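Both of the next two complexes hold chain A, though its partner changes from chain B to chain C.
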Partner chain A sequence: MNTDWFYDFPFKIPIDLGAIDNAVRTFSAKYDSFFNVIRSGLNGFVNSIYNILNFIPWFVLILFIITAGWKLSKKVSTGILYGALLFLIGVAGLWTLMNETLSIIIASVIISLLLGFPLGIVISTSDRADRIMRPILDTMQTMPVFVYLIPAMLFFGLGKPPAVIATTIYAIVPTIRLTNHGIRQIDREVIEASLAFGSTRLQSLVKVQIPQALPTIMAGVNQTLMMAISMVVTTSMIGATGLGMEVLIGVNRVEIGRGLISGTAVVIIAIILDRITQGFVQQSEVKTDGQ
Partner chain B sequence: MRRVTGLLLLVCLITSIMIGCSGEISGNKEIAFADAQWDSNKFHNAVAGIIAEKVYGYSWREVPGSTTVLHEGLLTGEVDVHMEVWTDNLATYNDDLAAGRLKELSINFDDNYQGIYVPRYVIEGDDERGIKPLAPDLRYIWDLKDYPDIFPDDENEGMGRIYGSIPGWEVDEILHRKYLHYGLDDNFIYFRPGSDAALATAITSAYDKGEPIAAYYWEPTWLLGMYDMVLLEDEPFDEDTYMEGETELPAVKVTIAASNNFTENNPEIVEFLSKYETSSQLTSEALAHMQETGDDYVETAKWFLRENEELLDKWLNSEDANTMKEYLNK
Partner chain C sequence: MDNNILSLRNVSKLFGSEKNKALKLKKSGVDKDTIYEKTGVTVALWDATLDIKEGEIFVIIGLSGSGKSTLVRCFNLLNKPTSGQIYFQGEDIGKFNREQLNDYRRNKISMVFQQFGLMSHRNVLGNVEYGLEVKGLSKDERYEKAMEMISMVGLGGYENEPISSLSGGMRQRVGIARALANNPEVLLMDEPFSALDPLVRKDMQFELLTIQRKLNKTIVFITHDIDEAFKLGDRVAIMKDGEIIQIATPEEMSEHPADDYVSQFIDSADKTQVISVRNVMITPNSIVRLKDSLNYSINTMRTNGVSSAYVVGKKMKLEGVITIDDAIQARKKGLTISDILIRDINTTSPDALLTDIMSMAAETPFPIAVVDENNSLKGIVSKVHVLSSIL
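After this line comes the complex of A and B, so read on.
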């Protein structure tokens, strides 16, 4: 019995993959000057953050982290623990590599906030925009990274600029989602009350809705930061230097020690940044509760 | 409703089991090729595979894995044939061979070059594309020192960029030593592209735009088969100092190896594979053809054998060679 029709699709659409390749490549060659502007802009941005980080003496940064940890957790011991962990990165000889990695992370997070926060607010005001954006955001989070890394490399070359772009695409999503969510979950009565007392829509947004939504928004910022850190090793595969590259070299050469040490440094950065931003989340919660 | 769904699921389960059981049990004449996941390896698998299929009636499949995993597979007999053993990359290969844990059938090719390449238009220009020769006197690796502005690094003003090898490859360390040895660190950055895909993209994108680039690459690859790149010359190879980066890199002996078990039980295939020999040049051409046409490995293998029919006469006896030619020209 011929059961081919059972398992084979009735017809296949021939997809011309070569045409897609060529289109992307000619596009990148044609608008080279445009992409060069973005590339050098991003380069300058990352480099200036890197220079600022390098300008700060190591003990100043450690002291800052100790005080921040202490103030936010109300415990001196916590602050000292964070400081000691950061000190470990320094004595392991990874300080400048950490600064390099941090400059990429910070650049991506700043861009994510600049774009994601307004976008989240826009989506929160319109159900249609929300419906359109949701699948786009899903795509951004689940599309395998290398699928868009390759075009990013064609457009922006190798190194830090495509790393920042790839990190932003991946990490911007929680900022947008949680800003949207935070504003949407506010009681209608609160907004109505603010409008009834004569505030304009803009005043209501800035003075009532955003402060109300702040804890949720801060949670989004925290998630964005964590996701940016999780991209560190992936972006080293397109030539972004820093701790990620150390991990990659260690893993590729089966130098377990090297991978472990630099991997631990990434974890330390993640933990410190997570706890500090979480501290901000709690503080903003306390504030809004007090109002 | 629930009962109906359950019944449907049961029916599905039973039919799938029945269909599964009625499937033909394939004969034991099967070759498991090692698939180290790069193009040239898959291509040689396809070439040897279709010959084994059409001439000797074997079926073939591929076992994917990393270099070391596949080598272990050869030793234990889970992999039958490895068409491309890069012997220099396997620390234990020579010991295992001497101890008789696997058989080397032939040398697939040993004329493969690797090193720092630049597009030919950088040196000679390209009238058709309107590219002027930017570095007409570039010939040796150390000549790069005179041209940091032609190969600029975006991240460091005033420095040039050499795209090095993939982190973790032995050659990456050798190249880095070479970069220091020739004093290129004065005005060049040794840039690690991070992955094979990234390195290939950097080169293709520069080539498409007609921009200069100095990058590590190796043969046989579709990239060097397709693009006209010039290997920068170096001091002649010397066994004692090449690891320090002081001379050019040696060609790696790429062999065909088979497991002991397979060698004993399949004399025909072993005889054919013992004569199997190509070259890096031929392989690169085939891979470039595959890249251009978008054909799969099997189609490319057929194209390759049609283009190079004399290989069949070398590898097979005249009767089998004719069978194969008839099949190819059908």
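After this line comes the complex of A and C, so read on.
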């Protein structure tokens, strides 16, 4: 008996992969001028952040981190530890590379917040929008990054602009999700109360819903930041310079020391930024608890 | 519309998508649960018609799921009814545009919530100020008004406290202060005291009555506690499965319950809070006049099988009471009724509640005399009558 059909699908749809490639290329060529505007805009944005970071003397930034760590954890030792770690990056000769990496992270996070926060609010007000957005957000989070790394490169060329785009696509999701979640989980009676006293929608949103959702929203911002940092090495593959590029070169050339030192620097940045934003999350929690 | 401040006319509220189908089923007499099974539509409120008078406390009572919270949210359109009209001072509020509706909510009607609905990111003052803030009052006006309300509900000195540091009772005081700060004409209260423990609840009920007397607001009060309903309500509406079954004063309701459901509900209540002396008093069958002879009075008491008789003067004016023993003694000595008359006796008015005369009834050796404002005898209440009316 022929059992081949157990293991073979009855038919195959011929997918013309070449056509998809061509379509993307034609699209990028056709709207080249449009993408150019975005590219130069993003470039300017990242570079100005980079210039600001470079303008700040190293000890000022370290002092700032020490104070922030101290104030948020209420322990001087924590602040000093953060400062010492940052100092290590500097003496390892990675300070400018760190600034470069930071400028991409900061640019991506700012764009994520500017887009994600309003989007999260919109989704929170409409169940239909929530249903439509959920699979899109799932896709953005689970699609292998490399898949959109290449189109990003096609549209925006090599360097920082496609890195910012790719990082934003990946990192924006928690901001949208947690803004939505934060607003939806507010006690129904609290929102009813705001409406029962004759608030307009905007008043209810600004005076009640956003402040009530703030701890959750801040947790989303923290997540976005962490995810942006996790993209540092990946985006170096499309030419984003900085600590990630150092790691990539280290790996490619089997220069273990080079990779290890730069990798450690990324970890230090991640820890410091995580703890400081966590501190903000806790502060906003304390505030909504009203203490 | 005479003095009706709020009126509902055939108001229904259905939740779900296949409303038209559900509406048809409901009209053909299918019950709520079957409609839900067939269409997935919840009939939360059905054909509610009622009038609320200015200055009264109108209580809506029902078990959970009976539609009382849905009903109260119709008054400020937190729930938009599926059909029917809602009138505030004769105006159809369903026809309000957004601006008019906000205006109505800001100035005419406010609400107190079961779980308080307080904003945890604001302190006591910030919460009480909220309604004034959305209204656009200046900071100074807001502060002044809010502080006045805070001290009225007895929270003076707590204005800068965070909500999380307050007890349940104090939180609901904040809720009440916030609702009153707008100086509304109607106060909607959705089970405001259900989340509080019994002792605090009693305090708050008392306080609410005090505030009501002082400010004379119209209050629509939701509860599932029949004692609370009868204690606070000038009139009570009882709800079951989204429909209003009876609207009456507590007294009427306990005297003439509309159906078995209502009487079951009332059976769980403490009736002494509701029933007044008028309902249990009887006309005494042994009354003697001051000028009657002792022989006559002894005979009257004997025929009626009682050991004491009330003595009245002109126009049924109560003079006192005599006992049969005294009368027999007095007849031997040749005295008159006025010589053996006991003048120091307990009296009560026909409008007093049973709960008020309980201790008196327990102590007095004679039945309690019920007299009107002119001190004329209207009836008597004995221990037996009090007891039998409760059981």
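In the analysis below, the second predicted complex is superposed on the first by the 290 of 291 C-alpha atoms of A that agree within 3 Å, B and C clash if a C-alpha of one lies under 4 Å from a C-alpha of the other, contacts with A are read in each partner's own complex, and residues count from 1 in each chain.
Convention: contacts are C-beta pairs under 8 Å (C-beta built on N, C-alpha and C of every residue); 3 or more make two chains touch, one makes a residue touch a chain.
Bear in mind that the values here come from a model prediction, so they are computed numbers and not experimental data.
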### Task
Please tell me, clash or fit, for chain B and chain C sharing chain A in the overlay.
fit
### Query
Looking at the overlay, does A:147 come into contact with chain B only (first), chain C only (second), both, or neither?
neither
### Query
Who does A:161 touch here: chain B (first), chain C (second), both, or neither?
first
### Task
Would you sort A:214 into first (chain B), second (chain C), both or neither based on which partner it touches?
second
### Task
Mind working out whether A:187 is in touch with chain B, chain C, both or neither, as first, second, both or neither?
second
### Touched partner set for A:202, first chain B, second chain C, both or neither
neither
### Task
Once the two structures are overlaid on A, work out the angle chain B-chain A-chain C from the Cα centres, in steps of 10 degrees.
150
### Task
Check the contacts made with chain A and report whether chain B or chain C touches more of its residues.
B
### Message
Between chain B and chain C, whom does A:19 touch in the aligned arrangement: first, second, both, or neither?
### Response
neither
### Message
Tell me the contact category for A:37 with respect to chain B and chain C: first, second, both or neither.
### Response
neither
### Task
Look across chain B and chain C in the superposition and give the shortest C-alpha distance you find, in Å.
27
#### Entry: Interfacial residue positions of chain A with respect to chain B in the complex
17-18, 25-26, 28-29, 32, 39-40, 43, 47, 146, 149-150, 153-154, 157-161, 236-241, 245, 248-249, 251-253
### Query
Any idea which chain B residues touch chain A in the complex?
154-155, 163, 166-169, 191-195, 197-198, 201-202, 204-205, 208-209, 294
### Residues of chain A defined as touching chain C within the complex
187, 189-190, 192-200, 203, 207-208, 211-212, 214, 287-291
### Contact footprint of chain A on chain C as seen in their complex
73, 76, 78, 101-107, 110-111, 113-123, 130-131, 133-135, 162-165, 178, 182, 188
